[in-house]
Structure formats: C-alpha cells, structure tokens
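The two complexes that follow have chain A in common; it is paired with chain B in the first and with chain C in the second.
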Partner chain A sequence: MSRIETADVVVIGAGIIGAACAEALSAAGMRVLVVDRGAPAGGTTAGGEGNVLLSDKAPGPELDLAVASRRRWPELIESLRAELGDEVARVEWEPKGGLVVASDRDAMGPLSILAEAQRAVGVEAVDLTPGEARAMEPYLTEDIAGAVHYPGDAQLQPVLAATAMLAAVRARGGEVRGWTEARGLVFDGSGRVAGVRIGDETIGCGAVVNACGPWAGHFSVAAGAPIEVLPRRGMVLVTAPLPHVVGRKVYAADYVAAVASSHVDLQVSAVVESTATGTVLIGSSRQRVGFDEALQVEVLRRLARSAVKLFPVLAGVPVMRTYGGFRPYTPDHLPVIGEDPRFAGLWHASGHEGAGIGLAPATGRLLADLMCGREPEVDPARFRVDRPAVMAEVRT
Partner chain B sequence: MRRIVVIGAGPAGMAAASAAALHGVEVVLVDAGAKLGGQYFRQDALAPGDRFKLPSNVEHVANAAVWAIEPVDGGHRVHLRVGPADGPARRGRAVEARALVLATGAYDRALPFPGWDLPGVYTAGAAQALAKGQGVAVGDRVVVGGTGPFLLPVAASLIGVGARVVEVAEANAAVTGWLVNPVGALAGWSKSGELVRHAGTLARHRVPYRSRTAVIEAHGSECVESVTVARLDALWNPVPGSERRLEADAVTVGFGFTPQLELALAARCRVEDGFVVVDAAQGTSAPGVFAAGELTGIGGADLAASEGTVAGAAAAKFVGAAVEPPVRAMARVRSGRRFAAALNAAYPVRSGWHDWLRDDTIVCRCEEVTKRALFRAVDERDVGGVRSLKLVSGAGLGLCQGRVCGRNVAELVGVDGTGFAKRPIASPIRLAELAEEEPVETPVDAEESGRALGVEY
Partner chain C sequence: MRVRFDGVEVEAEEGQTVAGVLLAKGIRSWRTTRGGDRPRGLFCGIGVCFDCLVSVNGVPDVRACQRVVAEGDEIRTQAGAELPS
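Now for the complex of A and B:
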C-alpha cells in the first residue's frame, strides 16, 4: 500500500469513533489518513463491551443520536458486506434486545417513568410483570418487582466493527497507520489547519479530526485548542464459556442512574450478556481515577455481587478474565462533535463516554455531513464544541 | 516482626523463604501445589510427610492459588483462595506485605503441528508430571519430541512407568564444545546424578536419539495412531524426502519454557524479551518486588535456588532486617547465568516450525482458531497489537487465556507476545468466591510502611 503524503482529512485515533468518521468521510469521496499512536482499535474500543443501547438513555440529544445510530448500524454492516465481503463485515451484530430489571418497588417507579418518556419519543419499551420477565429470561432472579423490555437494544463486537470500517477506508484509497503519534498541528497564514505533525514529519491536509477518545483532551492541548474530555474508568468480568444462561442484555434499573451520574466514587451495577463464544460479560464499573490502571479487587467484587444478584445461577461459574478501559467523558456527559471555533479545519469527535460503540456510525455521519455542508440528520447544536462544559475559555 | 510474601514454592521460592526467615522475617510462602518443591522437585501429593523442611517462621500455605495482586499503600495485597482447586470450599485470604518475592516458575512450551490437537499429544511437562506424580504413562509407544536436555528425563520417566519410547527427536543440532552431549548438558543443568542415570536408562533401552529431527505431524482419527518425523535444516524447515512414519499412540512435545508472568505483570515489573528484568539483588523495576527462578530466565533448578537465596535476603533487607549481601549465592547466580545463556543459545526455537502448520492446523486450541483464520484476521483487519489481535481472531481468549497459544500466535504474526500474559485474574475464580469479602491480614509493622527504597549491594 502506498503511503499517503497529503490527505483531504487526517483522522487522529483509530478507535471506533475515528473509524466511523473515516468511514463516513471516505464514503463522501475524501482521501483519508487515519493515524493511531498504538495499534488500531487497541484503545478504549478494545477495553469495553459492545452494547448498542437505547434503553439507558433518557429523551434528549444523546437518545436522538443513539436512535439514528441504531438505525444506521445494520445498514452500514450491510453496505460493508456488499463492499468488502462477509468475512470482513462479520461484526457479531445481534439485535437481541435488552431487559432492564427493577429489584424492588423503589426502583420500579423511576424505571416506569423513564420507559414512559422513552415511549413518548418513539422508543419501543414494553412493561413486564416479574413473571413475564422470567419467562423471557428463565435464569433471572425471582427477586424482582418488574422489568421493561427494549427490543431495540443490540450488541456487536467493537474491535471487529472498528476494523471493518477501517478496512473500508483502505479499500477506498485511504490509509490507516498504526504506531504513529500526532503531536500537533500546523496552520496556514490565515490560521487554518494545513497539516498534522507526526514525529518529525508534517502531513499536509485540509482538515483534522481529533478522535483520540479519552486522550482527546491531551491532543487538544497539543493542538492549541483545549477541550475538556476526561477518563472514567470501567472494568468488565468475563466468565468461562457457558451453555445458554443469559439471552438478552440484562441489567438492573439502577444502572441508568449510574450512567447519568457525575460521581467520582465507584459505582457498580452489572450489565450481564452472553457473547458469540458463550462467555458471559459482566460490566461495568464507573470510577474517576484518572488514567490509573491498577487493579482494584473491590471493583471486581462489586461487579460479581451485582451479577449474582441478577442471575443466582452464575454463582458457581468461573471468571476467566477481567479487562477494562477509560471512557472518554465530558462534564455534561454529551459527546463533542463538530468544528473547533478557534481553528478552521480542526474538528473534534470524542467524549462518547460509555456509549461510543453504539453512537459511532451516527457520529461519523454527522461529522461528515457537517464537513461536507450537507443537511445533518441529527441536530448538531447540543454536541457543538463551543459549549461551556467543553471549552475551558467559554466557561469563565 | 516484619512480613514478606513469597509466591511459588519451587526451588526459587523455597530458597527465598529460607533466606528471609534466617534474618528473622516472618514469611508467608504460597503455592498452588499440595506440597513444597515446585515443578522439578514435584512430590507425590498423596504420600505422607514432606521431603522439605523450612524454618518455623515460614508459614507454608499449600493448595493456595494467588488470583490477584493489588497495589496498596506501601506494598501489595496478595489475594488467595485456599483449598483444592476444583473443590467447593476454597477459603479466601488476603495477605498484605511490604515486600514480595515472585517465584512462579515457567511451564513448558508446545509448538503446534498438524494433528497436535488429537488426544494422545501431551506437553512434555504434563507427561512428566503424570509419570512422576501418579505413576501413569501417557501411552504404550511414545515419541518424545522438542528441544533441550529436558527431553531426556521425560523419556526416562516414561520408560520408568513402563512405556516404550519409540524415538527422542531433538530439533536442534547436536551441541558442540563443553555442552557436548545431552548428558553433559543435563549435568550442568542440575547437579543431580539421577539425571545422568536416566540417560543411561535410555541407552540401555536402545532408544534412538536423533538430532535435527522433529515430529511434524500426528495422524489418527480419534487419537494418535502414528506420527511423521522429519529431518530439519538449520532453520527447522523439514528436509524434503526425509519424512518417516512411526507408529505411536502418544507424543510428548517440549520446546523450552514460558515464564509464568501474570503476577509479575500485575505487580508492574518490567519485562524484556519475555522475562522479568532484575538487578543484582533480584529486585524488579517495581519497588519491593523481587523475582527469582525461571521468571527471570531459564536455567534449571540450581540457578533458581541461588536466585531465590539472593531475592529472599534482599526482600528481608527491604523490610528492614540487617542483611549482609549473600555473596556466595550471588556468585553462583552469575556463573549459573553464564551456563544458562550457553544452554539457551544451544537450544533455540527456529522459525521453520511456522511451515509445519497447514492452513487448517489449529493454532489456538481453546477457541479452535486455525492458521488460516488467524492470518485472515490479521491481513484483512490489519491489527497490530495483542489486544486487538485477540479480539479479532479469538486466539488466546479461551480457557487457557493464551498460556498455550500466546507465544506461538505472537511469533507467527510477528507481534510482541507479552500482552498475552496480561492476566489480572491470574487463576480462575468463581463469581461467588469473588463476591465474598476476604479477611485482610495487614503487615504487623504497617505503621512504618511507605518505605520505597531499593536494595543495593
């Protein structure tokens, strides 16, 4: 493959968000170079799960983006299959639906209210009695007050999905370059982005996308246009492969509260799901500890407890593995997607926190729409860069 | 009293525990096995008594799997489950210590070849353990393949339990110079005359020992019925036309050793070329963490024990005991390492094995990943790191967590394999066990913790 010397767009970061942006941009005919300082799809995207969820989002801009993304995923996979073949387009997509469980009456109230609000904006959410819930998930604990079924929730394997989109970028004449760190930008006389500094080299380009995930804040500083993106640590447990125990994605209603909260302290509420190989994934914790990777047994313990509480049969099942990553979050818990007001040609696509896998294709498309001057499908206003939560200078 | 924790009760761990105890330090010596001794001195688990005796201030915790190491202020917390691995009643324990000695050893490496996933193919270590521990032979007619002096005791043990060893296939050339014959090499590896006697056993039983030869395929429908051996060139490519078919119902393979790195990685010790990096005091890059034995390099039981003595003394010094440098053990370590380097240079693993595989040969047994699927994943998805490689190919994601396939897959694909050894959960733990609170034993001198000095001689 030839090395690109100049590109229309350089995407920095080959995680699922960078991959989705590059896919959408190359589909719009742009020549795209994607660089990653590590292995492509080896960052947060390889350290999380692959839930594509509507259920955990209250009506608002993130749910709008999620709905657009949920619609887009199967179309995108289909078009990748047509373009690249079955093998590359294999991303373990499973539209299996989700089940949110309220362990007691106290949890049932807020869950019903959320489901009602979601229905009002068109999300399919079916209230279930404990008996109906257990009929769907026979191994579920008997100790529940009720549940809501979300047929729209789905799952895929994030690294397969990201690498499939990157393969499409290459097939369209773009390039993906691993082990290549972007160190800063160069500008033309008018202050417009003219290139990216990569080591001692400068790659000329018309636009740059900062898709550095939890490190997007770092890169924005190096680029001279700081935005506020911070890491929120999460851990996942993986069991040994099991015969079928868990059908859908099943999680406790308090998960929604944990997702939306800004607490520094550890929060754990399990999302339990099976994967294509029969292992059960138990995720995930939320904790603000910077980029500290040290193992904390207490976190694993609490994950184990909440999983066994949902599925008592899992008690005797061995855990083979644990892994984790750092979710990129912004102080107002909304992604940043758009052009930086300080430098024309600098774009950001980051801050997707615990939903980047689900939100990737709509993010890529929104960014491409904005860059190409097309009418966006999703209202970009709430994701703009110059909002107080994201741009330090605006905040005052 | 000051406490250190030693993990692994092989030659290295036992020596470390003794050396530290000698300096008045309280030692908790943890091992997954039922008895002291580790791999080489493996004892019959069911026989009464123990061959080894340690000082009274060493608490030997047997049948104890360390499943996690967690950094805490001024040291580490070692999490164990105590009790038979598959039993229902393992107890949790968490022991804190300011200094750790890691002596978790190594396990033997199997290279894949067509048919290696058939029943009847064993790692040399497994065959040896069955023979030594339970008096069981893995087959009636056994071919012993691989490389290194270690093939001989395996063959001898098999003969000892009544198997017929059809052939010993050594993939490297016959060594020259002072390592001239495998018996000599063994004599250097361990002072034990027992090994030399084993080699005599092979000669008496007229077992052919062929160098530059390897088992490149195993055949059979349900289990191994025969194998193909071939001559190898210097890079381990089979010499065309040299193939021979041998009847056998079992094969053992051993291509050197892979250190058991997960706890060292969990404690954030620096690893280079697959081994933990240590200084002259066996100190790792992590303050208060020392490593000894096969973790730091493959060099046999005597070198492991000498390193253990040095590490135990340094750990005792680290927690405040008055310790003179153990100069004699340090000298033995230096000469042992020279010998080990020569030995390892004489028995390398050459890349020709990559071509023993066919497209449909399984490279990861747990997830049944073939060579074709592995390369497809790499080529079509262009992944460059272990984390993404595992997730796109499935290799290393199964029950063994890459212990068997990790190094082989990394070598085939051309990435650094250390990532396969990142296993923050070092041995499987049931969800209910994980959910349980464990009593935490803090160091007796916890108040004076926080000392982060290295040990220098």
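Now for the complex of A and C:
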C-alpha cells in the first residue's frame, strides 16, 4: 500500500473514537489518514469492558447520543460485514441486556426514579422483584431489594470493533499508521489548519480530528488550543473462563452515582459480565490519579469484594489477570464533539469517559455530519467545544 | 509422598509441582479445551498462560505449573470450564 502524502482529514488517535470518526468520514467520501503514537486500539480501547449501555445514563444529551449509538452499532456491524466479510466484522456483538441491582431499599429509591425517567424518554426499563431478578440470573445473591432489567444494553469486543472500522477506512483508500506521533499543527495564512507535523514530515490536510482519548488534553496543548480532558483510571479483574454464571451485564445501582461523581477519591461499584470466551470481567473502579499506572492492590480487593457480594459463587473462582486503563474525563461529564472555535479545521472528539465504546458510532457520525454540513441526528449543542467546562485557558 | 491423579495413586517428590509429577509419569495433557475439546498440558510453565489448568481437591482452574503437591492431593483432569464443587 502506498503511503498517503496528503489527506482530506487526519485523525489523531486510532482508538474506538478515532476509528469511528474515520469510518464515518471515509463513508462520506473523504480520504482519511489515522495516526496513533502507539498500536491502533491499544490504549483506552483495550483497557475497558466493551460497554454499550443505556441503563447508566439519565435523560439528557449523553443518553440521546447513547440511544443513537445503540441503534447504529448493529447497522454498522452489518454494513462492515457486507463490505469486508464475516471475519473482519466478527466483533463479539452481544445484545444481552443489562440488570441493575439494588442491594437494599435505600438503593431501590433512586434506581426506580431513574428507570421511570428513562422510560419517559423511550428507554425500555422493566422493574423486577428480587425473585424475578434471580429467575433471570440464578447465581445472583438473594440479598437484594429489587432490580431493573434493560433489554437495550449490549456488549462488544472493543479492540475488534475498532480494528474492523479501521479496516473499512483502509479499504476505502485511507491509511492507518501506528507508532506515529502527531507533534502539532500547521496553519495557512488565514489561520486555518493546513497540515499535521508527524516527526520531520508534514502531512497536508483540510481538517484534523483530535481523538486522543485521555491524552486529548495533551494534544490540544500541542495544537495550541487547549481543552480540559483529564484521565480517570479504571481497573478490571478477569476470572478464568467459567461455565455460564453471569448472563447479562449485571451491576449494582450505586454504579450510576459513581459514574456521575467528580470525586478525586477511589470509587468502586460492582459491574460483572461474561465475555464470549467465558471469562468474567469484574469492574468498576474510578480514580483520578493522573497517568499513574501503578497497580493498587486495595482497588483490586474492593472490586473482588463488591463482585462477590453480587455473585457469591465468585468467591471460590480464581482471578486470572487484571488490567486497567485511563478514561477521558471532562469536568461536566459530557463528551467534546465539534470544531474548535479558535482554529478552523481543528476538531475534537473525546471526553467520553467510560462510555466511549457505546458512544463511538454516533460520535463518528455526528462529527462527520457537522464536518460535511449535513443535518445531525443528535443535537450537537451540548457537546460543543466552546463551553466553559471544556475550554481551557492557554497556559503560558 | 503419594497423590492421586484421576483416581490412580501416583508417587510424588516433596516440592514437586503438579505439572512436575505428571510430566515425570509421562502424562503430557490433563485438560481439554472448552470449545473444541482438545488436549492441553504445560505451555508457558511459569504461571502466565493458564493453559495447564487442573482440578485439585475439588478446586478447578489450579495452575499445575504453580501448585506444589501435598500428601493426599486429589488431582483430576479438568473438562472445560468448571465451578468450584
């Protein structure tokens, strides 16, 4: 394959968000170069669980984006299958549904209120008695006050999904270049983005998309247009493959509060699910520790304890490994999707925190719609770059 | 010392791992895969790959390369994924 010397759009970051943006842009006929300073889909995308969730979002802009994305995922996978074949499109898509469990009456109140609000905007959410919940998940603890079933929740393997979208970009004449760091932007006389500096080379392009995930803040500084995207760390435990123990995505009701919190301190709430190979993934933790990768045993202990509380059978099951990643966090918990008001041609798509896998296809489509001047399906106003929580001061 | 493997008594040395005992007996596979029912034994030998899993005293998913045998251990071939009994 020949190397691209100029592109319509250069996407910085080959994670799930960069891949989804590049897929949508190339579908619109643009020639796209995707660069990543590491391996494609090897950062945040490889450090999560593959959540495609509606259940953990209250009505508002993020839920609107999630609903559009949940509709889009199966369509997109189907179109990738038609375009690239079965092998590439096999991304372990499982529309398995989610079960949110309230451990006591105190947790049941807020969960019922959330479910009611979600139903009002069209999300399928079914209130269950403890007995009904246990009929769905027989290994679930008896010690619960109630649960809500969300048939719309789904799961996929994020690395496979990102690489499938990148394969489509290549098939449409684009290029994906790993181990290539973007160092900054080049502007034309009118102050518009005209290229990207990559090593000693400059790639001429009409637009640049900052899809660097938790490192989007770093790249925005290098680009001269800082935005406030910070890393929030999460850890996951992986059990040895088990017989069928956990059917759905099962999590404790306090997860929703942990997601929405802005605390610096460690937050742990149980999120338990099986993967296609039978391993059970146990999350979730959230911690603001910068880019510190040190393994913290206390976090793992708390994850294990919270999972055993939901599924007592897990107490006797060995943990095979643990992994973690940094989620891109914005101070107002909303993604940043749109053009930078400071430089025409600089776009951002980041800040999805732990929901980037689920929100990816609608994010890619929204960005492509805005860039192509098409009417977007989802209202972009709340994701705009030019909002006080996101626009960082230029630090000198 | 003596341990049992799939119900048969086997001689073992103090300090040997389960994998060491089985390999010394010429046994090279002691698990079947979950999907294709294929034989598995020692692969990495250093506790990383989780390929050499075996059931010991009713506890499944024990890494044969890491578990040091104890007198009277009941070692059993593991078929697919199992829950602790």
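We adopt the following convention: the second predicted complex is superposed on the first by the 392 of 396 C-alpha atoms of A that agree within 3 Å, B and C clash if a C-alpha of one lies under 4 Å from a C-alpha of the other, contacts with A are read in each partner's own complex, and residues count from 1 in each chain.
The definition used in the following text is that contacts are C-beta pairs under 8 Å (C-beta built on N, C-alpha and C of every residue); 3 or more make two chains touch, one makes a residue touch a chain.
All figures in this text were calculated on a predicted structure; none of them were measured in a lab.
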Partners on chain A (chain B, chain C) - clash or fit: clash
Contacts of A:389 with chain B and chain C, given as first, second, both or neither: neither
First, second, both or neither for A:167, with chain B first and chain C second: first
Partner chain(s) touched by A:194 [first = chain B, second = chain C, both, neither]: neither
Touching partner for A:245 - first (chain B), second (chain C), both, neither: second
Chain A residues touched - chain C or chain B, whichever exceeds: B
Partner chain in contact with A:28 - chain B first, chain C second, else both or neither: neither
First (chain B), second (chain C), both or neither touched by A:317: both
Chain B versus chain C as contact partner of A:222, first or second or both or neither: neither
Partner chain(s) touched by A:278 [first = chain B, second = chain C, both, neither]: second
Clash-bearing segment of chain B, relative to chain C, as chosen among 146-154, 398-406, 416-424 or 434-442: 398-406
Chain A residues contacted in one complex by chain B, in the other by chain C: 240-241, 277, 316-318, 320
Complex contacts: residues of chain C adjacent to chain A: 34, 50, 53, 59-62, 80-84
Residues of chain A touching chain C in the complex: 240-243, 245, 277-278, 313, 316-318, 320
Chain A-facing residues of chain B, complex: 68-71, 77, 79, 94, 266, 367, 376, 380-385, 387-389, 391-392, 394, 397-399, 401, 423-425, 428-432, 434-437
Chain A residues touching chain B - in the complex, by the definition given at the top: 38-42, 46-47, 87-88, 157-160, 163-164, 166-167, 170, 176, 178-179, 237, 239-241, 277, 279, 282, 294-297, 300-301, 304-305, 307-308, 314-323
